[in-house]
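Pasting the structures here.
Shared between the two complexes below is chain A, which pairs with chain B and chain C, respectively.
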Partner chain A sequence: MTSMFAGPPRMSPRRHLLCSFLSALLLASAPALHAETPATAKVNTTGLAVADTEVTVGQLHSATGTMAISETGSIQAEQLAIDQINAAGGVLGRKIKVIKEDGASDWPTFAEKAKKLLVNDHVAAVFGCWTSASRKAVLPIFEKENGMLYYPTFYEGLEQSKNVVYTGQEATQQILWSLDWAKKEKKAKSFFLVGSDYIWPRTSMKIARKHIENFQKGKVVGEEYYPLGNTNFNSLINKIKIAKPDVIFAAVVGGSNVAFYKQLKAAGITADKQMLLTLSVTEDEALGIGGENLAGFFSSMKYFESLDNDNNKKFVTAFKAKYGPKSVIGDVTQAAYLGPWIWKAAVEKAGSFDVDKVAAATPGIEVKIAPEGYVKVHQNHHLWSRARIGMAQADGQFKVVAESPELIEPNPFPKGYQ
Partner chain B sequence: MSPSELFNIVAMQGFAGLSLFSVLLLMGLGLAIIFGQMGVINMAHGEFMTIGAYTIYLCSHLAETFSPGLVPYYFPLAILLAFVAAFAFGWLAEWLLIRHLYKRPLDTLLATWGLSLGMQQGFRSTFGPKEVSPTLPDWLLGSWSPTDGLDIPINGLFVMVITLAVCALVFLAMFRSRWGLRVRATVANRAMANATGIDTRRTDRLTYAIGCGIAGIAGAAFTTIGSTGPTSGSLYIVDAFLVVTFGGAASLLGTIASAFSIAQVQSISEFFLTGSMAKVLTLSMILVILMMRPQGLFASKVRR
Partner chain C sequence: MNACFERAFASRHTALILLMVLLAVVLPASLDIFRLNLVGKYLSYAFVAVGLVMLWGYGGILSLGQGVYFGLGGYCMAMFLKLEASDPVSTRIQSTPGIPDFMDWNQLTELPLLWKPFRHLPLAMLAVILVPALLAFVLGVAMFKRRVSGVYFAIMTQAVALILSVLIIGQQGYTGGVNGITDLKTLLGWDIRSDSAHYILYFTTVLLLGLVIHACQWVQQSKLGTLLLAMRDKEDRVRFSGYDVASFRTFVFCLAAILAALGGAMFTLQVGFMSPSFVGIVPSIELVIFTAVGGRMSLVGAVYGTLLVNLGKTYFSESFPDLWLFLMAALFIGVVMAFPDGLAGIYATSVRPWLLRRRTAALVAAPVPQDGNPASP
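Now for the complex of A and B:
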């Protein structure tokens, strides 16, 4: 853990001089050796931190504070992808160097660090942010300073920017197909919507309600929001017992999430009596909730650690080799892993590190090695991806029980759902 | 809805209120002792609860690794250990930090807040930033259902029993022991207590450590209903302060009355309104009553 956040190795000034002298000599004497590496002046016309052998990118997550619980996985996955890209020769012949900044779970700090990365460090791309609040805080800076942000979390949609690539699902991708699955496979007609009280659950539940009522002709028998950090759900559970929904549709987050599932179990609401479908429980959250409190409930994500394909097996093996056999990989961790790969592909397609050219080259980029399976970037900078339903197991893993047959088109501004 | 269903819901909702009452009381008790008896505003209260929670996690981990047969029985011992761990940390914190600030009560607020941030990062560096889940014994999971459709949460019952026990012990200690006598004398008149030969500094340190130890027990008990992570303690701190302030800072009876009324208002309004609105209603009620009675529900009779 600590080594991850240590600074880059320092060279003494004299050694540095020697190194640059030597490399200059090498470059001058052996141009043929670098034939495949395009000249820096050509691939970088806007003054980014791109050198002949190195390109600098930024990583902006919360390594400290409340959100460190969630963001640690993303930090690890992005670092893994960058290491792998470097081991395979880097991007346009240049090794990726990372500047890590800590947003410390504080949105103004995110904005300040984003500005530092773009204005002082001139990084070619930034992998970062987790909560919508932090993304909203840095978005104006990325648009003004013309930076590139790769954002990993599934989120509420209603946003699109030339300067952001969204590698997680937007709300409709996560919600609509899973509701249709519940209706078709589980004959669900009535739903009880529960969420923490902030923008993502509220927007998600709004979309869910429209879909249930207008498109499925089903019934929403309750809709409840609890303040972030709420730890007492007994009254809510009694209301659910009165309403007797076919499905509890839940988007509770953070410490509340743990309290919610522990108290559900204690109130006798278990998977054999009640179906529950959640948008906010990945393998990461299951660590804290405990598999025995979740077993049999369903989660709607695009990725589960247990996915059975060759890409994923390689990814899981590499991740556990680097971060220990006990580490788990959640949906967002996988989405964060895609960021550096998408950036690399876009840079190579554009033949340039310039942000405008990279942004223009981004739509249509395909990631064939994605652990979740093949994904493609849409014109709107979101990903075409499959939706999946996982059933929680007692060991905290999920068994994939359903998968959308096609890639689902990202639609951050869904008509008829607002 | 049939009459039996109605009865079940009323019973379960009544239990929900009582269960919230015991949670609030347990989290407020340690704080009430420290704040009420010493005037120290302990912002690190939540983190002492987290120490208790992590003690449970460590014990469950040890039990699982070394003798899985012990898993059903480790919990009571782990709760005692949680008290000991939080007590020891509290003792240390008082000696290193708090005792230098007794004459500057507002600075204790800042110092203990700093302490809480430091402790949070300490947990993060020691146990990792992700939440953990202690393996709870099977008898603590699930519900007790005397009739069909009536489910009484076992973890709620368990927290209730712990709260009763801790309350009884605190009252015994406060009103039947030499320590309690010294504490009450110190609160009533520090200079005079000193003059009669009571070592008030030692009394303060013990009081602070006991308050922290009780927070440790609370944190340990709450692993059955809530999360265990570096910032879990911060989920409880606001509610704990509400209970203590509303009850009247120096009164244990006030803490009980306040926990009871807040719990009832909250759980009843949660049932009829939405979760966020219930919170608004509860907080407004507290605000209005505190405007009329700034000293809280029960004010202690102290000569000033």
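Now for the complex of A and C:
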């Protein structure tokens, strides 16, 4: 495999002549293309699947299993970005070819497929993973085989790797500013924390509690966790009614979400009486929960489909043209869309597909066409991005009611929150 | 011993030897290390399938919760490896250096008592065997003494699988939760992620599997094997003859559990992490499917069944990422409809008669004497 990509084959003088003649022809027919296309040997010194006209990347999400419903948006957005990049001439003059693998919502399968993409297919980059568990399963493989992973989901932080670019928010970016907003704008003093029982809600709530108690001098009046897939929240609702918090701060995920909001509504806990701020409801989840069960509650994200800027209008139009007018775009879908663009920019900055060079070139990459607005990659491979508060509408969309004035610095290992 | 029995004995050995040649010579010579490592992973499931042949095919006890024992074996191994990977230097950024990273994320500040024995490899290896055996023993005694069997037993094993997976996912500070125990690096300083380690682990797995199958064949040949078959077919007669049916059943249940646990431990070593996704109900049923595809009466068939299903899974999902589940379903339905006795059944009904015909033709000059009753050695 290596020799195939290691360099141009030695040529006999006659063939050499023929080649120069052909390339002269090419030069005449497509001068712009030729000028932008550096030799494969130069841009690929480590045996990646890069040819003269094509570069192969991998896409590793769950197309089947329980996570498929969440990951489909990411698959679509990455494909859209890749199509757009190809239409604009590709990366270093090479069209992107995608090898799709199905992680099947099973973490060991993710590990197997990640290894296949890196060891067998020598892909130049992988766009994929969604849950923390799948990322944790593939991370050692990306570090050992020196691959590049673009991970789209907002997540718990406490991680940083040369081989991963995190295009979603780490926990502090999503939590701190929105809690400050709740305190300042909504005069919230007491919070009830509730989440599904796994690492992301646990870590998020730990950070929230420290911020509320130590920095805001507010009160946490309850903290509850429920197993993934739990659908009975009656005891929780009773506890909330007794505790009477100013804000319910929620990170309930997956199918539990639907039961949670329906039961809240059935118990009379609606937005006109109770403020709720969630970290885990995007337009995708709202589709399943039903806008009427959410209306008036707040969600903390960096992106909403309703965002009013030119980049986003173009993105939404292109997405709906490709995937149908009824498709919705959530926060993670937008973050997944950024992955291929950041990779392209880093490759072009590095002038090479080599993973080490791309990783080194990644900090400081700016994406000016990002639907969420301008973003920049930090030294720690996370994005500088804004925090936004959206108010759920009955149609399942969100109205942006607040936005952090500055880009928030990503800080995956926050001091004072451990 | 009569000639017929000797021949059956010899054909068993031939089947095992052929399997070993395939696994130890043909596959390593024709596959690169990435694919060979995948085969090694499939072979770790084959331990469970071999155990199921003993438990289900011979003992007549269908367990739909063998993932539990696979998981326990795998977790015991993973706990040792994780502690080795969590030395104070490489975990210095944590609030409490020296404990596994997921404990630190869950605000644990010292190593739980449960984890302490797993600092030592001999204790961890002992636990790989003893923990699943003990659980199987307790469950076996509790259920078989009360003469719980058949469908009721299968449901109980499913319940255990569900309980254990909820426990592992819920107690994430102690178990790593839904993420499992990830990022395992070395075994006593030996990097298990390198290619050479993958080769060594693969051959270790093959050797261990061969030994395990050989031991199971020995059990099948012994009086114990005969009794197991008798209990499967006429439980009451065996009981009235004065045998304690519950003890034999408990024995074979423990045997299957230990085999599954060995597979789990080899899985952890070869794949480099352990996940609760093996402990639940669905993977446990998948393990039964491997056995059914191979043929539930054939130890060697179970290995081929496991390989076939997993190769199919990998091949289909790589080649047809959008369709592969349908293709897998077609494979299962096809095997069950066309070959109810699995791959071993194909061999018994089509391949062996053909071989025998050829041999008879060759031996026509020197016919084999047919004496005695082949069913009672």
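The rule is simple: the second predicted complex is superposed on the first by the 385 of 418 C-alpha atoms of A that agree within 3 Å, B and C clash if a C-alpha of one lies under 4 Å from a C-alpha of the other, contacts with A are read in each partner's own complex, and residues count from 1 in each chain.
The definition used in the following text is that a contact is a pair of C-beta atoms (placed from the backbone, for glycine too) under 8 Å apart; a residue touches a chain by one contact, two chains touch by 3 or more.
Treat the numbers as computed from the prediction; the structure is a model and nothing was measured.
Enquirer: Do chain B and chain C fit side by side on chain A after the overlay, or clash?
Expert: Overlaying the two structures gives chain B and chain C room side by side.
Enquirer: Who does A:G288 touch here: chain B (first), chain C (second), both, or neither?
Expert: In the superposition, A:G288 touches chain B alone.
Enquirer: Is A:K116 touching anything from chain B or chain C once the two structures are fitted on A? First, second, both or neither.
Expert: In the superposition, A:K116 touches chain C alone.
Enquirer: Using the touch definition from the top, say if A:K320 reaches chain B (first), chain C (second), both or neither.
Expert: Neither partner.
Enquirer: Is A:D197 touching anything from chain B or chain C once the two structures are fitted on A? First, second, both or neither.
Expert: A:D197 contacts both chain B and chain C.
Enquirer: Figure out whether A:K219 sits in contact with chain B (first) or chain C (second), or with both, or with neither.
Expert: Neither: A:K219 stays clear of chain B and chain C.
Enquirer: Just to be sure I read the superposition right, which of the two partners does A:A266 touch: chain B = first, chain C = second, or both, or neither?
Expert: It touches chain B, and chain C stays clear.
Enquirer: May I ask you to decide whether A:K349 touches chain B, chain C, both, or neither, giving the answer as first, second, both or neither?
Expert: It touches nothing on chain B or chain C.
Enquirer: Considering only touches as defined above, state whether A:K95 meets chain B (first), chain C (second), both or neither.
Expert: After superposition on chain A, A:K95 lies in contact with neither partner.
Enquirer: Quick check for you: in the superposed arrangement, does A:T64 touch first (chain B), second (chain C), both or neither?
Expert: both
Enquirer: How far apart, in Å, are the nearest Cα atoms of chain B and chain C after the overlay?
Expert: Minimum C-alpha separation, chain B to chain C, in the superposed model is 5 Å.
Enquirer: Counting contacts the way the document defines them, which residues of chain A are shared by the two interfaces, the one with chain B and the one with chain C?
Expert: 63-64, 197, 227
Enquirer: Touching chain C in the complex: which residues of chain A?
Expert: Answer in residue numbers: 63-64, 100-102, 104, 106-109, 111-113, 115-116, 119-120, 131-133, 136-137, 139-140, 144, 156, 158, 197-199, 202-203, 206, 227-228, 413, 418.
Enquirer: Which residues of chain C touch chain A in the complex?
Expert: Residue positions touching the partner: 34-35, 38, 41, 93, 95, 101-102, 105-107, 166, 169-170, 172, 177-180, 182-185, 193, 271-273, 275, 277-278, 314, 317-318, 321-322, 324-325.
Enquirer: Give the list of chain A residues in touch with chain B in this complex.
Expert: Those residues of chain A that touch chain B are 1, 63-66, 68-69, 72, 197, 224-227, 229-232, 234-239, 241-242, 255, 257-259, 262-263, 265-268, 284-285, 287-290, 292-293.
Enquirer: Would you mind writing out the residues of chain B in touch with chain A in their complex?
Expert: Residue positions touching the partner: 1, 9, 12-13, 15-16, 19-20, 23, 121, 124-125, 128-133, 135-136, 141-143, 145, 151, 153-156, 222, 224-232, 234-236, 266-267, 270-271, 274-276, 278-279.
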